[in-house]
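Multiple structures follow.
Common to both upcoming complexes is subunit A, partnered first by subunit B, then by subunit C.
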Partner chain A sequence: MAVEQPQAQAMARAGEQTRIHDIGYRSYDGPRLGRAYARRSLYSQSLRGAYGLGRSAKSKVLPMLLFVVMCVPALIMVAVAVTTKANDLPVDYTRYAVIMQAMISLYVASQAPQSVSRDLRFKTVPLYFSRPIETADYVRAKYAALASALFILTAAPLLVLYVGALLAKLDFTDQTKGFAQGLVSVALLSLLFAGIGLVIAAVTPRRGFGIAAVIAVLTISYGAVSTLQAIADAQTNTEAVPWIGLFSPITLIDGVQTAFLGASSSFPGAVGPGTGEGVVYALVVLGLIAASYGLLMRRYRKVGL
Partner chain B sequence: MIATESLSKRFPRVTALDRLSVDVGPGVTGLVGANGAGKSTLIKILLGLSPATEGRAEVLGLDVATKGGAIRERVGYMPEHDCLPPDVSATEFVVHMARMSGLPPTAARERTADTLRHVGLYEERYRPMGGYSTGMKQRVKLAQALVHDPQLVFLDEPTNGLDPVGRDEMLGLIRRIHTEFGISVLVTSHLLGELERTCDHVVVIDGGKLLRSSSTTDFTQTTTTLAIEVTDTDEHPDGTRVMREALLARGMETHQGDGLPGAGHILLLTAQGEETYDLVRDVVADLGLGLVRMEQRRHHIAEVFKDDDERADATAGAPGARKEAVGHGG
Partner chain C sequence: MYDPTVARLTYRALLGRRRALILGALPLLLIVISVAVRGFSGADDQVAADVLGGFALATMVPIIGVIAGTGAIGPEIDDGSVVYLLSKPVKRPTIIFTKLIVAIAVTMVFSAVPTLVAGLILNGNGQQIAVAYTVAALVASIAYAAVFLLLGTVTRHAVVFGLVYALVWEALFGSLVSGARTLSVQQWALAVAQKVAGGDLVTSDVGLPTAVILLAAVTAGATWYAGQKLRTLKLAGEE
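So, the complex of A and B:
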């Protein structure tokens, strides 16, 4: 009786192919570094990606350009301070990010969708979740990466100012204190903006929509808030000015740093929140950061496989 | 490799899996079912990504409910849908995915180069994947599932969208994953025909229920069909016809493989035993023809699952035997 040998044919067929391109399979016995390592790898890949590193030349243009645009005014200020032997820098450390907020918004709008919408659009997310990492790891890595990228963007000009101030032989204690306050402020700003940007971007797999939505949320809220503040100020209703500031991200940061970080408010009439109102500001900022994280977690629990 | 015990998954409106109990051993296993039969749900549960409503499952001896992370470290997954970002090269992408599986950077790069070569991607692996053909994309998807040298891979419809040649290459590759790489495979398909050539074992589910689980040889070895192809010579310009007549003279009926590739040049006959092989050899030798091929053709699994009426009309063979095979399914 002829015995069936189903594997014989298959092996013969495989043999024909292996002759072409096989030099033998090597199995892997090395270490598998697991979940924490995978999360760190995703973090560094996303952080590099936020500046276009490891991506196409085209995708480096915008983030690098924005980085340069962020730093150039600081360089000019330093040059002016050094040459004119001024007693102080033209702009406070805490004020710098507020002045440059358009650039920061543009950066968030361009890089937040880049970071998360692509994975959704090209359905790469299931590949991540078929590996040791879990929803929380993905969200934390992405959030931390964008927040770090924003921190680099906003802290670099402050560093330029600080180094310049020291070169101009300005008062060391004053400058160090101001620099530290500025760093705390931009750290908060980075967390807040990254959270808002990612939540919006994670809703849509379309990168274009994501960019438009982030810009809209950041600029419209600021536009509305500053208009209302101006009206309130004009009607000498100065009580209302700080409370209105609670409704846009950049005025929130402005409020927090006015109350706690020795900044002078950029609100109309320079009426910033006092300590009492400042506590509300700080709570709202922290609440928004926590809410962003929570919303991202909820979103990614659904898009699993 | 995989064991499930009355595994159920119910969604508010549908029951995706209904008390499914199945054991899958090492080797290549086909998971067959129509769209919506519960294949993808099963894979999701086996990866520890979706809790079962009831019942339990183990993969590589690890409980899916509690050891999901450990399972996913040792298992590869190739999704059915597109999952490749177009602006990244295959190398970069697979390296990243290797690191996501926990491979250190150097190992990730080495394994990526190896794996891409094994799946048949060469110079093009440095180009952005947006320009790849469907076949190349499928290879990258397979590479990312194999790059961390898993013990088991889940391949979800790997032949989807491929042309016949690409399909054959992919099936050959799947076979090699087990025979050469030593990695067990669970491959899903809604096409039964593909699996008979590739799998050692086939599990059929429908509506979340187990229809049948058995080895491919059980499905198809009830009768043996022999396919013969011979050369033409100057003496016998139509070798196939001469061969057919000679075999008929020795009392051996043959028929042409209608509709099969190479029809007209191939003679099919039912092997009665080892003497059939001797007979063919002798006839070929007497006629002085060259024997191009003599191979066993199995019946298609599809026949096994045909409705009774259709089966009655199916090719002559051993209907009783096939009925018996289906009888196991119940």
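So, the complex of A and C:
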């Protein structure tokens, strides 16, 4: 005790001499915009980023190009329908996305990794979570942004077709019904593709690898399924065709819209699923969307990564 | 022209981590499909040609080529660590050539071997179909690896452009515009396969001499130009 005494006294003396000078820093007392605002900002930034807005000119090229390529066939079809005074559009609203699936896959593959992989690579995810947003907000904002971007990509040509069909004086109720069915189908497609793309892209910080992995999953599964379907059809094993279709995203959407949205199937032999099988299709689609959301939540539960 | 250290590093970059997973998953899927098809329909030459031509050569080989070709150099340029390689007293064309050899080897192992196995499962090499498509996969591996390696040095978005070529040009345009098929690695490889198979199950739109000349020209040209690109490589910042 006796030894410590002088030390304590010295500290007390030092304490008397120390001052904290007020050099005029002020704390922020303006409005705090909070969690919902941060989430909205993240959503709009991600959505803009998916089309390269707010990024360099080079990153605008690919999404814009894909968008144009998606719309040009629709414009041509409309032009043909108007000039030839056809009674119907050359392609159903629901069929359009199935025909253009290569573009949609490329878009998901190129934009899903840019949305999440770069955050992982530059370790900005912990910075997001130091703001008021939480895991669920980040996941929802990113998921919603990519799904919206995909919806814009797939719905724009349908809108072109619809406007063109009205200009060509095709039957209004008929076209509106087809357009609405097409919109429901591309909304489902957007949710499904965005979910699959984000889950794969969120695994890797490497953008190039993310692109390859997403495109591999989307096209390889389609290649495998369509090859098997063609063989099953050639073997006159037609009841197997719809069941094989369950194993790739685009054939899932095709099946759902054939069963419930009045589409004609693009399966070989045009044998789509009936209502019973259609329920299975719808359940698988909804299950996959829920599963990708769950997986993303699980992926971002640990912030340190 | 061949540097073992560069080769070792490239092998590790290509086969390490998760890249090997996706490289291994595709051939596995092909074999699973072949087993399923064989169980479905028995041995049938037409079916075997459909599966090998439609799935193995048209989808699997290009994607593996993209992953191996761009993966051999793309990530290094992307994260800037290629500077450490370039600052060593190794000639740039040597680096490209070594990486090309590695990319070709990886593409061949992961595409031609499973094609052969799948062909044997499907119809036990009836009418030489398995061997023909294996030769096609081998030939295509060389050209794809060279082209995609070049893409890796030219652009940061090599994977996207590689996939656009493989999926949009070869698959989509190739099926719509017959002229596009003349400029397609897949058709050149098929021309070689046609010669091997001899029957009418494997057909190509390109004659064999044209195909061989174009294959050689594209491979050599892409390799040479990639070496030139690497000599004047600028490291750009992340966009």
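To be clear about the criterion, the second predicted complex is superposed on the first by the 274 of 305 C-alpha atoms of A that agree within 3 Å, B and C clash if a C-alpha of one lies under 4 Å from a C-alpha of the other, contacts with A are read in each partner's own complex, and residues count from 1 in each chain.
In the analysis below, contacts are C-beta pairs under 8 Å (C-beta built on N, C-alpha and C of every residue); 3 or more make two chains touch, one makes a residue touch a chain.
This one's a predicted model, so the numbers in the text were calculated from it and none came from an experiment.
> Is A:Phe129 touching the first partner subunit B, the second partner subunit C, both, or neither of them?
A:Phe129 contacts subunit B only, not subunit C.
> In the overlaid three-chain picture, which partner chain does A:Tyr37 touch, first (subunit B) or second (subunit C), both, or neither?
Once the two structures are laid over each other on A, A:Tyr37 reaches subunit B alone.
> Could you look at A:Ala224 and tell me whether it touches subunit B, subunit C, both or neither (first, second, both, neither)?
second
> Report for A:Arg55: first if it touches subunit B alone, second if subunit C alone, otherwise both or neither.
both
> So in the superposed three-chain picture, is A:Tyr28 touching just subunit B, just subunit C, both, or none of them (first/second/both/neither)?
first
> Between subunit B and subunit C, pick out the one touching the greater number of residues of subunit A.
Subunit A has more residues touched by B than by the other partner.
> Applying the touch criterion given at the start, work out whether A:Leu106 contacts subunit B, subunit C, both or neither, answering first, second, both or neither.
second
> Show which residues of subunit A both subunit B and subunit C reach, each in its own complex.
In the superposed arrangement, which is not itself an observed complex, subunit A uses residues 55-56, 59, 118, 122 for both subunit B and subunit C.
> What does subunit A use to touch subunit B in their complex?
Answer in residue numbers: 1-2, 4-7, 9-11, 13-14, 17-18, 21-23, 25-28, 30-35, 37-38, 41-42, 45, 54-56, 59, 118-119, 122-124, 126-134, 304-305.
> Touching subunit A in the complex: which residues of subunit B?
40, 43-44, 47, 49-50, 69, 72-73, 75-77, 79, 81-88, 92, 96-97, 99-104, 107, 111, 114, 117-118, 120, 122, 128, 144, 148-149, 169, 172-173, 175-176, 179-182, 197-198, 200, 216-217, 220-221, 224, 271, 273-274, 276-277, 295-296, 298
> Which of the residues in subunit A come into contact with subunit C in the complex?
Residues of subunit A touching subunit C: 55-56, 58-59, 62, 102-103, 105-106, 109-110, 118, 122, 203-204, 206-209, 211-213, 215-216, 219-220, 223-224, 226-228, 230-232, 234-235, 237, 240.
> For subunit C, which residues are in contact with subunit A within the complex?
Contacts found on subunit C: 18-19, 22, 25-26, 29, 33, 36-37, 40-41, 47, 50-51, 54-55, 58-60, 63, 66-67, 70-71, 74-75, 78, 157-160, 163-164, 167-168, 171-172, 238-239.
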